[in-house]
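What follows is a set of structures for review.
In what follows, chain A forms one complex with chain B and a second complex with chain C.
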Partner chain A sequence: MSKSYRGELRFPATSWLMLLAFLLLILLVGVPLVMVLLHSLFPDSVFDMLAPFKVLSNPGLFSYFWNSIVLGAWVVLGSTLLALPMAFLSARTTIGRHAWLDVVLIIPFMTPPYIGSMGWILFMQRRGFAEQLFPAAAKLTPHFFSLFGMVAIMSLHLFPFLYLILRNALQRIGGSLEEAGSVHGGGVFYMLRRVVFPLLLGSYAMGALLIFVKTIAEFGTPATFGRQIGFYVLTSEIHRYTSNWPIDFGTATSLASVLLGACLVFWYIQNIISRRYQYNTLGGKGMRTRILPLRGWRAVLGWGYTIGLLLLSIAIPYFSIIATSLQKLRGDGLAWHNVTLAHYGELLRPGSKGWQALMNSLGLAGIAATVAVLIGLFLVLQMGSMKRWTERGLDMLSLLPNTVPGIVIVVGLILFWNAPWMPLPIYNTYSMVVLTYVVFYLPYSVQYIKASASQIDGSLLQAGKVFGGKPLYIFRRIALPLLVPGVLAGWMMTFTISARELVASLMVLPPSMQVTATYIFSQFEQGEVSLGMAMAVVSVGFTTLVLVIMNHLGADRK
Partner chain B sequence: MEVELRGVSKAFDGTTALQPIDLTISSGSFTTLLGPSGCGKTTLLRLIAGLERPDRGSIRIGDKLVFDAERGIYMPPQQRELGMVFQDFALWPHMTVYENVAFGLKARGRGKEASAQVARAIEAVRLQGFEKRYPHQLSGGQQQRVAFARSIASQAGLILFDEPLSALDALLRDEMREELVQMVRELGVTAVYVTHDQTEAMSMSDTIIVMRQGEMLQRGKPEDIYHTPVHPFVARFVGRSNWIEADRQLVRPEHVQWTAQPEARTFTGVVTRVSYLGDRYEVTIKLANDSIWTAYHHERIAIGDQVQVAVAKQHIHSLESASDLEAPSVKQEEQYQLKEVINR
Partner chain C sequence: MKTVNHTPMKFVSWQWTLAVLLLLSSLLTACGGANNSNSNIGNQNGSNAAAGEATPAANNGNSSQEQTPTAPSGKVVVYTAGPEGLAAKIKEGFEAKYGITVEQFDGTTGKVLGRLEAEKSNPVADIVILASWPSAMAMKQEGWTQGYPEAANVDKLQPDWVDSDYHLFGYSASALGITYNTKLVSEPPTDWSDLTDPKWAGAVNIPDPSLSGSALDFISGYLNDKGEEEWSFFSQLKENGVAMSGANKEALDPVITGAKSIVMAGVDYMAYSAKAKGEPVDIVYPASGTVINPRAAMIMKTSPNLDNARLFIDYLLSDEAQALVTGAYLLPGRADIKADNRTNTEDIKLLDYDWNWMSEQGEAISAKFLELFK
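And now, the complex of A and B:
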């Protein structure tokens, strides 16, 4: 008899706290998004149902929308071309035995996209590293500054995501399903067509749509590379209308509504597909996947592809960034006599602008991460067993910021907290930045803590009761220690990505204040590129270090 | 520690889990609640523990009235001072063996006596030297022992067992069964044990309570339950039953003779199946009235043989007032036959 008695993980079990949780989320997430929609429906303080669509009838504005869609489609194609062979190599050949590959292949995804784009720009631009290393490349590099280059950069950033999905799907399909196919007389191509692709399709469609949504919501690459080549998309233009003269919040909110709508539509499609076409291909028994041994030309081809991919997605951008950060004079090019650590010295000199930006970033990220895990912990404890609609609603609402493009949330937060009737004067202060980070990354805390909570079997808490623990004692001695890994993971993720966040920082930082992301951005646009790149190295390096340390500590606990 | 339930009943979302029940479990006894899934045995145990709240009735543990619906008394599990061994052990994964066992003492503010009591409990389950290990570093049997040590550490007079052996493999289960009974007897505590395994129930208990659909069908010593069942369901659920008259008269397989003594009743039938068990043959016979019997023989009989079997009068057990009891539905009957097949 295996009844499971769940849903005891609620502390304390009172309903006014549930109400508080809803109020909190509505205030943090719900109202700002509604403000965006309302603002776009009342363009000149007059209600106009069709206002967001009118924006699209303006050919100039429509082109932004269309560019976003086109970009999304190309990036899906680009990521597929990059990810599919890699997924196959990793799932079905001996290359997959190298576990480090999985870690390394996550690096592009963990690199902030604006930093990756800068790396590519530095590599490909006139008199860039490509030309310095291979003078013949000068003929080709100008062609990189086109839609092709932008698609390439974004695909190289996003493909790991699709790779993981496809690889897992390929592994799940397992050898026996294919063996069954071949025993029953299918040839290789027949089997690919009739067995492997259909089973893969559900996962692929899901991954592709996620890539699409992530692409149209992306800000970093359009803001750096896109502007340079004159390819304007929704996100970059929303930013322009809200921060450059002439400021036009009406147009910005309309564009934001359009972006929000597009994302929600694609999320919805993704949801339908994943429900309908997900096969339960994972058997309960141990899986035997057929592993292809790689020999001769196959080994050359397989490893050639893997190394090529790592070169393009990691080596080139990071080489450009690190090399630039070490150059005395950028005009002198790659030479040993041109190497200096002076830029790092300048950044790490207490009191310098770079140092202040760095400290601001770490401080803000630390506060934001702490607030986010506290709120996340509180929310997860209210979600209890996720059986009641209130509990599920709470869950959905708390994950909403992950679905909605960051820039839309920022516009909403500005509309709300900068509204003339807003009594709390936090706009243009530190608190506003922390609040924005918290709203952005609350889903991570909730997800990680929820994962920990779901591993706590109800009987562990019941045993606590039977053996005499009072509610607070049980919470302190049993529930909390078991939730700590989730809390730590949530804190670490929030800290890491807050410390690098660009779009929120650009839009809500008080005028005189800088964080690492805005510092890198402004130095790259109009300043000392080497200083900016040194900051990029420090910022990525430091946050990676935090990840590694926390991971290590987490591994010790078990 | 005596446990007394008066008119206790419980329903979940309108579905009856336990019909009103009166029950006294005497101090120092080993009582087993036996029945198939969903019979209410676990619910009954959880009501005693305080993990569920009865709809009606009252529960007394020792001299403490822990629940009374009419007077609105409900003592939470924390205050009932009992021990419990959970089905999946429910050991806290982030605590060492020592911390797990000491929990009950520390939670009740008896931290001072902890080290002595924990040492005693760990010695009782023979796990000395394992105090600093974590549960995941132990084997299934060792985890089981920690769970038991935890339940006895605070010297509760009543220990509840919720199918504690079902998570172990067959060999270990036999071993732990004997060990558990021995340890319970040595401590002299009152034990309430829930299981769906009749072998476990028969070999461990002083008293067995057979339950079905939230109802207590029979209560008695293991021998009484086996030899003189009062309900056809009990006869079917515990041991094999050969029905002379459906739901009224039965004989157990070991009493089916191949040669007729004087005064014995004889029956004829056809052998439909023979399986070799090593020490004997189990023979399935289809009688003329279509009932299926099981008997044991010392040598192989050919399938299809016409045979005559005999049963001494004193081995025929008649169920009293069988007509009052509603016959189990056909579907249920099938289930129990299936169960018998599985249990073989």
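And now, the complex of A and C:
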């Protein structure tokens, strides 16, 4: 992506701003992560290079690490099984003409995993919705509460990533390469083996490792479903050691270092693989993809698969969530006389706890999104043409939070901002939450704004200069208007995700405050599940609405 | 939006990053004060504005650490281990009566303790309310709390529901029982030992003692009464498929929906309130006896708003708050007040246990139980 950068977009090009950008990122992202590493290397204030590894020699703690790895591997397999047929159907058959499918298939990924898992639990548990709808399901449902169920839930959440990557790769391969294969006498399987698979491998490796890293960094599903089946992983245990008595920050940071190390190693492997298996599939010639018309049993199979996938990944979790949010008595199950809107009434009554949580979420997310795009804009301007190592370094550092598991960042931020020598009393205030969201989602802002910036041709700015514009004027009248779509997209994305964020909210919210995610979580733990699920519907519904509206406005702009 | 999510980071100069990360550690001390203030001014201003909108109390939020310990202000910070509904009512009542804002953290006993420990270097809590008496005793032992012998109505508390130095005030209590789903269970078990019967295989939940202080009290109280060899009882429970399942509500909810049949050692007030709502549950107190755990309210030694904290304790023991307690189906802390919507303290048979022993053993028992059931 850096190659396509031609614009000389850097305002004003003084180096102290560059320095400031670096210091900002180091303070926001760098220092907290270093704090985690340092803390784990200094158990009992004595330096011990091997301390994080010693943690792994404890069989109990090692099992968390091993569980994480095993879970990651299974989820990669699960998402592959789900995504590959769908990618094929969408790239190579007439099913791909239905553009709405791409939008709908993003929904599972946009559903916060803790909400999706709760939906599955409510559906599959004994005398849950599955058994109420199909009494025969009682034989199957107990088997769901196992590693298999956890893998299924997480795969159904993460497969859209892999689907998008594989579909794009398949589309790029194009028919001509395959035709070349058959012209030279290759059979179907030979061609798959020697043409399609090698070409797919680079993209697949990238997607698979991404899924893997996302899985081991995931908190929501282990914290809900994992705890029910007694499957404990690194993230859930880090949370336990940092927020539950007896507290053990030493162990928590060691586990966090291990998790951080594992993620970085896998990112590195991914990077090597995707560089080694990169092929130029985009030639100067026009591209034709062979689209398979679906008829007869093939159509039944293709559509059957598509609909089945949508049922599993969207319909079932959302059915449980909505049904639960409408239940008058949880003990009376699914029945028309048991339907009530009272939970929504309670939530939307101004002044109620739910209402306050909702307002807190929206307020915090709004501020976090605004701060994040401002910082993002500033950083992108410093990145300029991305030619110098400082500029690339800035880019990399700003994307780091996307690579590192959220829970590791939170632990680092707590260690840093709650340190006894910290002069700024941010910890335990609203600022801390905003700060955490900003650090978490800065990469989104940077990415979107960078994408906008890369489209601005240097000649536009030169034209400005030729006509005597001062730097600030050029920035205000030429660059900024062109960057606005990126800024808006970044804002919207940060807002939506911050408003649903769970792990940071659980760990850094000041005592008297709740946001939607912690509200839902605590209703599941302590209060009324129906209220929690009603909040899930409201929160997901509202943020999706914001997304749709902003998208619409963005479309008008262009 | 798709591209951002999965655009791979370009690790063009990956080794370089590592080098920078290592360098950072040396910079760590160098870039302490000055830059902090530069880079975060934006954040702070922004969120102060938000704080103003959210709650009036938030104005104090940012400056809480700077206050001198005894300076009175318009707030009191309460960390309470549920029950959420009651805690909210007490907060409202106190605010209405004294015009002092209550900043409240609702958690479980484990989470409250965790939060206190994490904030040890910057304590903000004035009042801590735990659902486990032994845990509260341990806190007193470690010097976290301070006494308040002048508390109003303290003489009317149940005997033993206040300690001799007036650090711990048992303003309310719950008893632990066997809660069951009335649709699924026609003959409820009558004693703890019944639950090892294969009839209940896989149908019983027990709350996680590291989250639920009351469950921990039951386990340690039971061991105290029967002798430590009775760990075999818990092994048998484990073999019979008893599942450890989160805090009290998490353990009870599957019983309400019928996913499980029974919660053992669940707090009784949740069963009473679910029953009153019309859910198909009921509760029995085991024949061999159970544990009643007073919920201890304590004033923190570091309390930044001490006067308000004392008022809060007075309020908890007042007629008004005690009525709220019975309204939430809990046992009132004062002996002169009776609940008419549930079994009263004197009608519940108790196991023979000693709080001191339980307080000493609590951590070890919790760890051993977790090891057994995890």
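As a working rule, the second predicted complex is superposed on the first by the 551 of 558 C-alpha atoms of A that agree within 3 Å, B and C clash if a C-alpha of one lies under 4 Å from a C-alpha of the other, contacts with A are read in each partner's own complex, and residues count from 1 in each chain.
The working rule: a residue touches a chain if its C-beta (ideal position, glycine included) is under 8 Å from a C-beta of that chain, and two chains touch if they have at least 3 such contacts.
If you're wondering where the values come from, they're calculated on a predicted model, not measured in any experiment.
Contacts of A:Val339 after superposition on the shared chain: neither chain B nor chain C is touched. Looking at the superposition, the partner that touches the larger set of chain A residues, chain B or chain C, turns out to be C.
Legend: residue contacts after superposition of the two complexes on their common chain; A:Leu81 is shown touching neither chain B nor chain C.
When the shared chain is aligned, chain C comes close enough to touch A:Val434, but chain B does not. Put simply, chain A uses residues 1-2 to touch chain B in one complex and chain C in the other. Chain B contributes residues 37-38, 42, 49-51, 76-84, 86-88, 90, 92-94, 103-104, 107-108, 150, 154, 160, 163, 166, 196 to its touches with chain A in the complex.
Those residues of chain A that touch chain C in the complex are listed here as 1-2, 20, 23-24, 26-28, 30-31, 33-34, 37-38, 60, 106, 109, 122, 125-128, 161, 164-165, 206-207, 210, 227-228, 230, 232, 240, 242-247, 249, 267-268, 270-271, 274, 329-333, 353, 356, 359-360, 363-364, 366-367, 370-371, 374-375, 389, 392-393, 395-397, 399, 402-403, 414, 418-420, 423-431, 433-435, 438, 443-444, 447-448, 451, 489, 493, 510-513, 522, 524-527, 529. Within the complex formed with chain A, the chain C residues making contact are 1-14, 16-17, 20-21, 24-25, 27-28, 31-33, 35-40, 42-44, 46-51, 53-55, 57-58, 61-66, 77, 79, 82-84, 88, 102-106, 108-115, 117-119, 121-122, 124-125, 135, 181, 183, 210-211, 244-250, 253-254, 256-260, 277-281, 363, 371, 374. Contacts from chain A toward chain B in the complex involve residues 1-3, 5, 457, 459-460, 462-470, 473, 477-478, 481-482.
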